[in-house]
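Pasting in a structure now, in structure tokens, and then I'll have a few things to ask.
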Amino acid sequence: MGNDNSLVKEIREFNKQMDWDKFHTPENLAKSISIEAGELLECFQWNSEYNPAEVREEMADVYTYLLMMADVIGVDLNEIALEKLEKTKAKYPVDKFRGISTKYNKLETE
Amino acid sequence: MGNDNSLVKEIREFNKQMDWDKFHTPENLAKSISIEAGELLECFQWNSEYNPAEVREEMADVYTYLLMMADVIGVDLNEIALEKLEKTKAKYPVDKFRGISTKYNKLETE
Amino acid sequence: MGNDNSLVKEIREFNKQMDWDKFHTPENLAKSISIEAGELLECFQWNSEYNPAEVREEMADVYTYLLMMADVIGVDLNEIALEKLEKTKAKYPVDKFRGISTKYNKLETE
Amino acid sequence: MGNDNSLVKEIREFNKQMDWDKFHTPENLAKSISIEAGELLECFQWNSEYNPAEVREEMADVYTYLLMMADVIGVDLNEIALEKLEKTKAKYPVDKFRGISTKYNKLETE
């Protein structure tokens, strides 16, 4: 994925032009991400086959609201994803969790 | 946001090492995005105040699964978000929708 | 399912006793239903197998918030579900949609 | 809420007639509940005001899929909600949590 500073700027500019900024509180954006994630899930409601064009569009919506939320609360998505990856690596040592989808805490108690 | 090719590569490598690739079908990733979006929403369940550290972590989870899904089905998130922005601009002309959150189709029929 | 007037009353009483009513706006309950639906989905995140006890508990959470929302905005769940069933029957005539999961509007355009 | 055995029977019969039963695995119904919960949330996307008719319809959809899931996996919604209420009462003693929305575990560690 290339540099998308320009994408964030374009989205920001469009929202400003539309006077839509006022709707974009962190809470409303969290709702919006959930709503769009539901629409993405709808592409897979009854089976695992999917329409690529629909999936692309719903993924774009989730991503756009995520970029807007990151912009509003001032975080860098790539930075926080890297941080989280480091946490995940520490939590799930390869030798113990290879091939297992069960969550850490469940594995411990089972 | 800077270039995150390296982030995608790191995530991909970790999943391969863990043998978690087999779980990452488009359908399962769509479910995962929805689940994590729900956890992000939980940060705002009873009011608009939020714990920044929790919000960062949940946003990271949504973004990570979104990156994985983009990688699995072969789309570029920035590209599809830009495409969608162009569509949105065409659908909501500034002079008609400035300051209005109502959706296009609803505005038409009201 | 038996009569659950007593269940709604018990939930209502508990919330009053806890002074939790103030959190239960329709908006917050809609968020809560979405959050709990995400937790229910998590029981099926990586495959179709599930832990019955976990599924029961998450279904109970979705249902409880749904009952609370119905109570707050003054609707009867069974009544609105019956209304919706009649609409669905009208929208999807048996002879045209038997065995087809595709939605009405999609079938039309395909 | 009155007795809705007849509602469940009607839904079951309609699905059988449509040959839609085959789509109604617990996993697909969990996805469906999440999708419809997202549509319910959409009624509150940008603010707390809502269109009652839309909210009723989305609540009906969540409830219908919940009834179908309960029917498929063989649980009684009112029974599991009562069970969960008892658990919640035990977890949140009135004297300690009155007027507090913070979750049990968070209160403990803060």
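Lettered A, B, C and D in written order, each chain numbered from 1.
Throughout what follows, a contact is a pair of C-beta atoms (placed from the backbone, for glycine too) under 8 Å apart; a residue touches a chain by one contact, two chains touch by 3 or more.
On a predicted model such as this, the values are computed, not experimentally measured, just so you know.
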Same-interface partner of A-C, chosen from the options B-D, B-C or C-D, over half of the pairs matching: B-D
For subunit A paired with subunit B, centre-to-centre distance based on mean C-alpha positions, whole Å: 3
Subunit B and subunit D: spacing of chain centres that average the CA atoms, whole Å: 25
For subunit B, residues contacting two or more additional chains: 23, 31, 34, 37-38, 41, 44-46, 101
Touch-based graph of the chains, sorted into line, ring, star, complete or other: complete
Touching residues on subunit B, where the partner in the complex is subunit C: 23, 28, 31-32, 34-35, 37-39, 41-42, 44-46
Subunit A-facing residues of subunit C, complex: 31, 34, 38, 41, 45-47, 101
Contact set on subunit D toward subunit C in their complex: 1-5, 7-8, 10-11, 14, 17-20, 22-23, 25-27, 30-31, 33-34, 36-38, 40-41, 43-44, 48, 50, 52, 55-57, 59-64, 66-67, 69-70, 73, 75-78, 80-85, 88-89, 92, 94, 97-99, 101
